[in-house]
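For reference, the structures are reproduced in the following blocks.
Below are two complexes that have subunit A in common, paired first with subunit B and then with subunit C.
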Partner chain A sequence: MKFSGTMIELGCIRQFALVIGSLARLAKLCVLRITRTHLYFIINEPGTVHRAPGLWAELDQGHYFSTVTMSGVSEEHNEIFLEFEPDKLSGTLSVFKSNNAAVRNLKIKLAKKLSPCLTLEMQMPSFSEHARTVVHDVPVLPLPRRQWHLYQEPEMPHFTASIYLPPLKKLRHVVERMKNLSSSLTLAANRKGTLVLSVTSDAANVSTYFRNLTMPTWDLEGAASQMDEEQLHSATVEIKKLISFLAGEQIGPCKVICNIVDDRMVHLFLLHDDVILQYFLPAARSS
Partner chain B sequence: MSIHPEEEREINDGHFRAKTDNVKNILQILKTMNFRDQANVVLSPSGIKVTVENAKCAQANAFIESDLFQEYEIEEEMVIFKLNLTSWIECLNIFGGGTAGAATPSLKMVYRGHGYPLVLELEEDGVVTDCEIKTEEPEDTLDFDFFSTEVMNKIIMRSECLKEVFTDLDVTSEMVEILMSPDAPYFRVSTFGNYGTSQTEISMESEMVEHFECKQTLKQRYRLSLLKPSIKPLTAALKVSVRMDARGFLCLQFMIRTESHHICFIEYFCCPEEEDSDD
Partner chain C sequence: MKCTIGTTNVKDFGRAIHALAKVGEELYIEPSQSGVSFRTISSSRSAYFSYNFGNSFFTFYDSGLGGQTPASGEDTFRCKVAMKAVLNIFKGIHNLERTVQRCKLTLKWEEAKLIIQLTCHYGIVKTHNLSFIECDALQAVYDKESCPNHMVSDSRVLLGALSSFHQQTLEEISFCFTPRNLILKSHVEEPDPSKVVHTVVTLTRGEFEDYNIMSNCELTVCLKEIRALLAFTGSTGISTKAYFSGPGSPIIFTYDSKPLYEGTLVLATLVQKPEVGTHPASKSCHEPRASTSIRKASMNNTLRASEISMMQNNLPNTTSGDKAADVTVQNITVALDNSRVEDIPHQQKDVVRGDTSHSEPIVPLLRNNNKAAQEEEEDSDTVPSSPPAKKSRFFFRRCFEATFNPDTLPGHNVILAEDSDEGD
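After this line comes the complex of A and B, so read on.
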């Protein structure tokens, strides 16, 4: 089992740090799956049926790393699964979140020190000839093959409405205000580009309408397309969880798709040039 | 759940409707009053009065005059109800009052009458938020009977001055003593904390003082916890008028300039603490 990769571009390193940062906000434990071409970060929502993932992030190695060497558990199963605490990894990378961070390169490798570790070596710029190197070790737990099946790619849910979200910053502000009114929020969308966020409490009912949003075109729709276009499809989710996802705006996604499975789930799909983040929010209760 | 088209949302038999281009004006005023969740609201042709009370011993009143709104219509002379002020503020702030330079959200308020919710419609860049704030039977509010004829002492000063005094009050002191007098020390705020006594004096000659009118030396003690909520309107104010009547009741009146340069007033009344040994 071997893995080592070097990042030299500051933009990539920063992006990587932001992705890990948003993982840290979402969960205490996270699984890193390394294949020949990609890195996957997987968070399993505790308590869900079949341990369906709460988050699935896909990073293209070719984009992030200038050089990668990787060999999996065996020839046949050329993959590595590691469990780690994203908070710890995020802490080591936190220096890169600021805009004036400087680093020559960042090398990530799987090492066996006292225990298995992800070792991060950062070459810091220096004015003298002697390079400064900072090394962080983040403990990891390699997962045995019998557990791998728990972390397979999630299936696309059979959603009833799908819509591109308005700018996350704006959305986040609305959701944060709503959080102070209630603990659960209903997301509803129709096929005419309307998205409705609403909360109900003893003191007030509040609904925010975003209109004329664009909608992604999916070719996997069947009979569903015959439904009334005005009909709103909704699911009620915990506001706290939605907020922690919306904090992902830092990644600067090109597009965020929101898929709603009536009363069951909200599936958020964050697309960026080199990161794909999928977030599965189970419905808190039917509205 | 369904979406109402624009026309249906127009409510024609509204007893009260008001419209403004800039929600920030109202938000700014209400935010300073939010030391209690519940507020009494009085709608009248002259404007909106919001009252918040604290332990039946202190009361804050905000007056939002009707000319702050671009449109203001009311059929009746007076309508009173109670609502959750915190929710009202959260609703008004849903778009964050607009970032600098960007368009500010506009607001439309409709109240159809007793038993109906207060309906707000906010709009920013084509995004619409509808809010229904449930209204309740109004609570009886205190009448401090604070007529200007009874006012013995009155000082008008720039708010920065008093703000510093109030924010630095010793929190270990239960009471705050306020002295107003025609002679030196003119205006004094004292606290009696665990670590000692502190006194701040403002002379009538101070540049901060704009108007000084004291007829009698009055010294009264007020509970710090009752006086504390007045810091918020004080921070937002340009000027403050401190008045004390013969009974020792304190009235702080704050003059606040809103974003669109309207002048609004907030009054803050506070009861004195009864003491066994008067000096």
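After this line comes the complex of A and C, so read on.
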């Protein structure tokens, strides 16, 4: 089992740090799957439908790393699964969150020290001609093959409504206000580009409407088109979880798709040039 | 004592108070002819932090000691106040800089009051009355001249290096000095070193203003105090000098902005563990209790180092002068008669010493140290006696077996010698 990759571009490193940072906000434990071409970050949430992960992030190695060497467990199963605490990894990368951070390169490799760990080697600029080296060892736990099946790519859910979300910043602002009113929020969308966020409390019923949003075209739908275009499809989710997702706006996604499976789950799809993040928010039982 | 700090210096004074507050819970104030010192010591007595503010730091200064420096230590006034109270007054350094025009400090001996008066904009005057307790002098015994190694560092270098250590729980950090590099390592002992992030930062000697290391050495110190120091030097932009000799003996950080003020931080370092160093595997079974005993031992070593410095006849730079230092040595031998002072006449036994007959800050510490030393001795006593116990287990192996039943032995009921009579 071998993995090592070097990042040189500051923009890439910073985005990588942001992705890890948003992982840290979502869960205590995370699984990193390394294949020949991609890195996947997977968060499994207990109790989701069909054992779908809470998060599925896909990073293209070619974009982030200038050089990568990787060899998996065996020829046949050329993959590595590592479990780690994103909080710890994010801490070591927090240097890059500030705007004036400078780094010459960042090398990530899998190493065996006191325990198996991901070693991050950074060459930082210093006051002398020699670079300052900073090495972080983040402990990881390689997962045995019998557990790999738990972290397979999730299937696209059979959603009833699909819509491009308005800018996340705006949405976040609204949702954060709604958080004060209730602990769960209902997302509803129809096929005419309307998105409704609503909360219900004893005293009030608050809804925010976004109209004329664009909708992605999916190949897989067909039969569903017969349905009434005006009809709203909704699912109720926990506000807290939705907010931790909306914090992902820092990654600066180009497009965010929201798929709603009636009363089952909300599937959020963040698309960026080289990162794809999928969030699966299970529907909470609305009271 | 009466002194006034001008508007430009209030910020530095406030920062000094903040730095001191991160180390100790009590602020010791000692005015002298040439200036005032503000000192503190950490609750575990592993760190001593002192600021000397010279005359010129103040726009007005009156020591209140009269003409000359008093000959005996008794005449000097020293007191301590609660750190928290002082810290609250100087909270919000940025506001302080903007609003405070001058700060007046007055020590009223008759009323046992420290009065801090802040004159702010718009004619607002804030007066704080703090009660103080008269106390003994707080003075660490150290000698930076005798340390073979030293380095001078821009505060930004060390601050930048320490910014790589993110762990919230990290308490200690190791400085590994080699002639070419300074390597900073996170020092983790418990509960499981394989579960935490380890960080290593390598700085080349070129990053330092001066770097003079005779031999490799690894010093482990508390991060908290270093951070307190760097918070001050980082904001004022002055460079820090470090003097040290080896593990177990203290590392001394000094910095100054002469003639305004100078700061000194004396930090105990961890004694290297002989067996643990050679067997990295045994590191994982290290218990927290062990680490505290090591820290105790390191304290002892701090003392030992200070004794050495005394023997070399290099008296420490005390503010009260050489004469006063002599007096303190004698006084301390009187004060500590009940603990084992006979062994070490005329020698300092502590990082901290008091110089009146009721040297309250020292005695408990000394006892602790003696206790720790005795415990160590006891431990070492038990080691040679353990093989016989093992031997008996070897020779009488059968008696220790689980299936052993004394009743099955032939002649178990024959009593060869009666039990001796009770009562007599």
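Worth a mention:
Note that the second predicted complex is superposed on the first by the 282 of 287 C-alpha atoms of A that agree within 3 Å, B and C clash if a C-alpha of one lies under 4 Å from a C-alpha of the other, contacts with A are read in each partner's own complex, and residues count from 1 in each chain.
Throughout what follows, a residue touches a chain if its C-beta (ideal position, glycine included) is under 8 Å from a C-beta of that chain, and two chains touch if they have at least 3 such contacts.
Since this is a predicted model, take the numbers as computed values, not measurements.
Legend: residue contacts after superposition of the two complexes on their common chain; A:19 is shown touching neither subunit B nor subunit C. Within the superposed three-chain model, A:201 lies in touch with subunit B and out of touch with subunit C [touch as defined at top]. Once the two complexes are overlaid on the shared chain, A:42 sits clear of subunit B and of subunit C alike.
Touch criterion not met for A:260: it reaches neither subunit B nor subunit C. In the superposed model, A:234 lies in contact with subunit B only, and not with subunit C. Counting residues of subunit A touched by each partner, subunit B versus subunit C, the larger count belongs to B. Interface residues of subunit A, counted against subunit B in their complex, comprise 166, 170, 173-174, 177-178, 180-181, 186, 188, 190, 194, 196, 198, 201-212, 230, 232, 234, 287.
Note for the complex: subunit B touches subunit A at residues 1-3, 83-84, 86-88, 90-91, 93-96, 117, 126-134. Within the complex formed with subunit A, the subunit C residues making contact are 154, 156-157, 160-161, 163-164, 166-167, 193-207, 280, 284.
By the touch rule above, subunit A contacts subunit C in their complex via residues 88, 91-92, 94-95, 113-115, 117, 124, 126-130, 132-139.
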